[in-house]
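Labels A, B, C and D are assigned to the chains in the order they are written; within every chain, residues are numbered from 1.
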Amino acid sequence: MERVLAYLQEVKYYGKAVLLSLEAPGVAAEAVPGQFVQVLCGRDSPRVLRRPFSIFSAKAGRILLLSKVVGKGTSWLAELKAGEQVDLIGPLGRGFAMDEGDRPALVAGGAGIAPLHFLAERLMERRTEPSLYWGLDLGEEFGELPALLGKRFRLFMCSRDGCLGERGTVVEALAREKEPEFNAVYACGPREMLGALAKEIKGANLPFQLSLEERMACGVGACQGCAVPIRSARPAYSRVCKDGPVFRFEEIDWRAYFGGS
Amino acid sequence: MERVLAYLQEVKYYGKAVLLSLEAPGVAAEAVPGQFVQVLCGRDSPRVLRRPFSIFSAKAGRILLLSKVVGKGTSWLAELKAGEQVDLIGPLGRGFAMDEGDRPALVAGGAGIAPLHFLAERLMERRTEPSLYWGLDLGEEFGELPALLGKRFRLFMCSRDGCLGERGTVVEALAREKEPEFNAVYACGPREMLGALAKEIKGANLPFQLSLEERMACGVGACQGCAVPIRSARPAYSRVCKDGPVFRFEEIDWRAYFGGS
Amino acid sequence: MVDLRVNLAGIELPNPVLMASGVFGTGTEYRELLEVGRLGGIISKAVTLEPCPGNPPPRIWETPCGMLNSIGLQNKGLEAFLEEDLPALLSHGIPIIANVAGFSEEEYLEVARRLDGIGEIRGIELNISCPNVARGGIHFGAEASSVVNLVARVREVYNGVLLVKLSPQVYDIGEIARAAVEGGADALSLVNTFPGMAVDVETWKPRLASVTGGLSGPAIHPLAVRAVWEVAQVVNRPILAMGGISGWEQAVEMLLVGATAVAVGTAIFTDPLTPLGILEGLENYLERMGIASPEELKGKIRL
Amino acid sequence: MVDLRVNLAGIELPNPVLMASGVFGTGTEYRELLEVGRLGGIISKAVTLEPCPGNPPPRIWETPCGMLNSIGLQNKGLEAFLEEDLPALLSHGIPIIANVAGFSEEEYLEVARRLDGIGEIRGIELNISCPNVARGGIHFGAEASSVVNLVARVREVYNGVLLVKLSPQVYDIGEIARAAVEGGADALSLVNTFPGMAVDVETWKPRLASVTGGLSGPAIHPLAVRAVWEVAQVVNRPILAMGGISGWEQAVEMLLVGATAVAVGTAIFTDPLTPLGILEGLENYLERMGIASPEELKGKIRL
């Protein structure tokens, strides 16, 4: 973990998202899939809280971040120009355990593709070819990115509006696969998607890891801001930023998780 | 008065100050010397309060603003690039009465040159040639600007550090002039300078107008934020933004003015 | 079709976006910058019985996402208000509420009594929460018993719509609100500014000549939302909400926690079009949500 | 030569810049981001007798120049604190103060009693001001009589340096401070967060699962300065000041209005180097001003 002013080497625009290529050798060298960085957004009067972004890729001294514009911080990021500097802290958190099965399914919803893309890259390096399922709300949401990823990975796209890949949710797409097709599941996406996914594969008894999101303050495990309810005799919370963001399915108290907002 | 998003046509750097040339036809057409504009500083999360700047010049649909960097707002202004837009409101306030004498002395301290430059331009157009006295703390403070003004106006420079013009304050420089040399005084500058000037020319019984500064909120006379104590039977305040920023010497309660911070 | 009209304790407002006391003068100062006639109403600067010079300058200081002011009830006094300011305020053709202040209980009473029966003034907002005066203001608004007492006495002499404006700088604002209602308030207005302070580290002098001042602006918005929510839960009276509202989202937040209408203060300094932007944003929002009136949002927070 | 050491009611601090309770964990979490050993000290997260799970998520929301939190005293309980956290806190070689909380008076007493005599803990900060719990916390800190009483009882069982941490959400913080001193406080710690709230206008749900939370960060700085100033005028005890300190200027402001030392909270999230930047800025400032020690700035505001 370190804090760096990373030189923004390149910005690419994909629909409502930007892909930032940042020079951060220390972070890139240390990062494993599932880890994230905390980005300071804004310059003269930056946002008080840094924004967490999963690492999309890390190689050759660079990390890539894929940020979808949803609010003030991400809007600011989307207007950065190559040559500017970005203040970030990372790599943070616990990443994915990668030796779970030789036929892994990677299931992403929206910007949840980020950590799974990194994971897919690393799995390929280890000669494990994952199946990547990526669901979007709108087919156009990430511009050309799906097409690009399709060239490099075994990718199944689907979109709710039917404009890209199959119409429907990514969980529906996954359900159409026969179960023995994969022997491990990795997922990242909106809460509802994770819920549907959990329901879908519950019986299968597969190793199942998820990258969760929660609002963060410190990002390093100090403030207890990013609590996620875990299974235990009495109410207890783990920290998404430090104990996660990757958790095993069994670790989470799903009822409490969905009871929250 | 109007609120415009003015196109920043050109930025020039003079020492610690910038001269912004802004396309604002409505403001330029209406403005008289001594008036000011309220500038919104910052973009995604702008400063809550606009910053007041005297109009340095207004012609051909453009206004010029000279801003010396002293804090967050002025630092932001100094980093603007040509082509950007600046949100401003103006022209605001009461300007100088211009028919006070045919041999006017214009006495400026630091950034106080701004309204007096505009005044000098307009006086010249009326074929009245003013004497411009401009005092700086450091000779280099405004870069090449004094040299440029020297070519167009009868300009007397002085600086405390002695690096430009005579060493000493502008009031000392003025005092060296024989009294009959001028028959009206216009001034703008730091509080202490105005105090010294007032003391200096008190006996002379000349028409004496000053442009004053005070922290502002609304800038249009609505909030009473920019109070300046005026002479009256019981304590009373005028508004710098609406009743001023130009006041006649006799209007101000100088004792209370200097009693404040 | 969205109908923006709301009824604030009997005051029919064309829409729920007013201008808060002290920031908008008589509205004429802003006439060239926005269509004042489109606003829901204007609350006047504080009116005291006698002319009041206000505090010495400097009176303003900017803080992170906020500002401090120590204007201190500067106004021309009741006579001049009625003769000069009121006609100007009324010229916009929108509802006018008079903010009433005093340095003694008698002064509040006298001003209220003299405003009683002036039909053009649609109500008074009793300012028992100004942090910027040594006597009066906030000192009347901090204790439940003194609030009941003052409001009840004003209620006796004023028959129009009586709003009571509360200070947020108390432990239990619900208790103060209940006291105001017990005294006879028709509606509650909140929040006034929070007492704050800043010091120049170069000169070691306070940034405001009066040392302390009132904090307003976006910085206090979450505090104001919580105050409105607390009050909405314990009293059954309409609330005029203010505090850091700078966009339609903050206005909607206030309605959701229980406000009937909102007032814009500090944000007008940043952007004079703020209230009209809020109006448009609110209208679009209601349309998008399929809600016919702002009143239908009132208190609809989902717990 | 500037000597940054200060004495806080008997606690010798290497410098006057500490980390506030609840934001810094045991310091080890931040070890890779700053030299923790250079800080003036660390105040632990609240310690309660039993383990406390804290409030349900979401617990964090950003606001203009600030943030809301509703962590709610999550901690492992006294036993685990002593066994696991304390050694980690002590490993940095700087003074450690334990923040003590409880859901009942007995719990406060029991924790204080068990911490008494543990020499490595240089003092306790009695947290009677947490806005994030239904029982305890702020409810103990709002009334002078209950403050005197609680502090006096803690004083009986705890012989080390006793700081009492006050809530700013009261009408007269000076009165509460006097009560704490009457009860036997050696020093005062202020301010804790202000109760605030935010609502998601799309879902109509509160941004925090616990509905309300505590506001901290630059937004509250002017409010904190004023609170420290009020207290410094009425009690003759050292003050540990916090609230929106994000640079040396804000630290100096606090000293000028009467603080002996300061603590950094929220700003560590924005920039982990904040406390060290403050230290350097303060040292340069003192040198430039020709002042030998931070204590010489104490209360030097020019009125």
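Here, a contact is a pair of C-beta atoms (placed from the backbone, for glycine too) under 8 Å apart; a residue touches a chain by one contact, two chains touch by 3 or more.
Because the structure is predicted, anything quoted here is derived from the model rather than measured.
J.: Identify the chains adjacent to both chain A and chain D in the sense defined at the top.
T.: Touching chain A and chain D alike: no chains returned.
J.: Please identify the chain with the largest separation between its CA centroid and the CA centroid of chain A.
T.: Result for the farthest chain: B.
J.: Where the centres are mean C-alpha positions, what is the separation of chain A from chain B, in Å?
T.: Each chain's C-alpha centroid was found; their separation is 55 Å.
J.: Counting only Cα atoms for the centres, state how far chain B is from chain D in Å.
T.: 46
J.: Taking each chain's centre as the mean of its CA atoms, how far is chain C from chain D in angstrom?
T.: Result: the chain centres lie 33 Å from each other.
J.: Based only on mean CA positions, could you tell me how far chain B sits from chain C in angstrom?
T.: 35
J.: Would you mind listing the residues of chain B that make contact with two or more other chains?
T.: In chain B, the residues touching two or more other chains are 45.
J.: Got the chain C residues that touch at least 2 other chains?
T.: 64-66, 203, 205, 217-218
J.: Examine which chains touch each other and state the graph shape they make (line, ring, star, complete, other).
T.: ring
J.: Which chains are in touch, pair by pair?
T.: So the chains that touch one another pair up as A-B, A-D, B-C, C-D.
J.: Can you list the residues on chain A that touch chain D in the complex?
T.: So the residues of chain A touching chain D come out as 1-3, 40, 45-50, 87, 89, 214-229, 234-237, 242, 256, 259-261.
J.: What residues of chain C sit close enough to touch chain D in their complex?
T.: For chain C paired with chain D, touching residues are 63-66, 68, 142, 169-172, 194-199, 201, 203-206, 211-212, 215, 217-223, 225-226, 229, 244, 249, 252-253, 256-257, 285, 300-303.
J.: In the complex, go through chain B and note every residue touching chain A.
T.: My answer: residues 42, 44-45, 72, 75-76.
J.: Quick check on the complex: what are the chain D residues that touch chain A?
T.: Listed in rising order, the residues of chain D that touch chain A are 22-26, 29-30, 32-33, 45, 53-62, 65-67, 69, 71, 74, 200, 203, 205, 209, 217-218, 266, 268-273.
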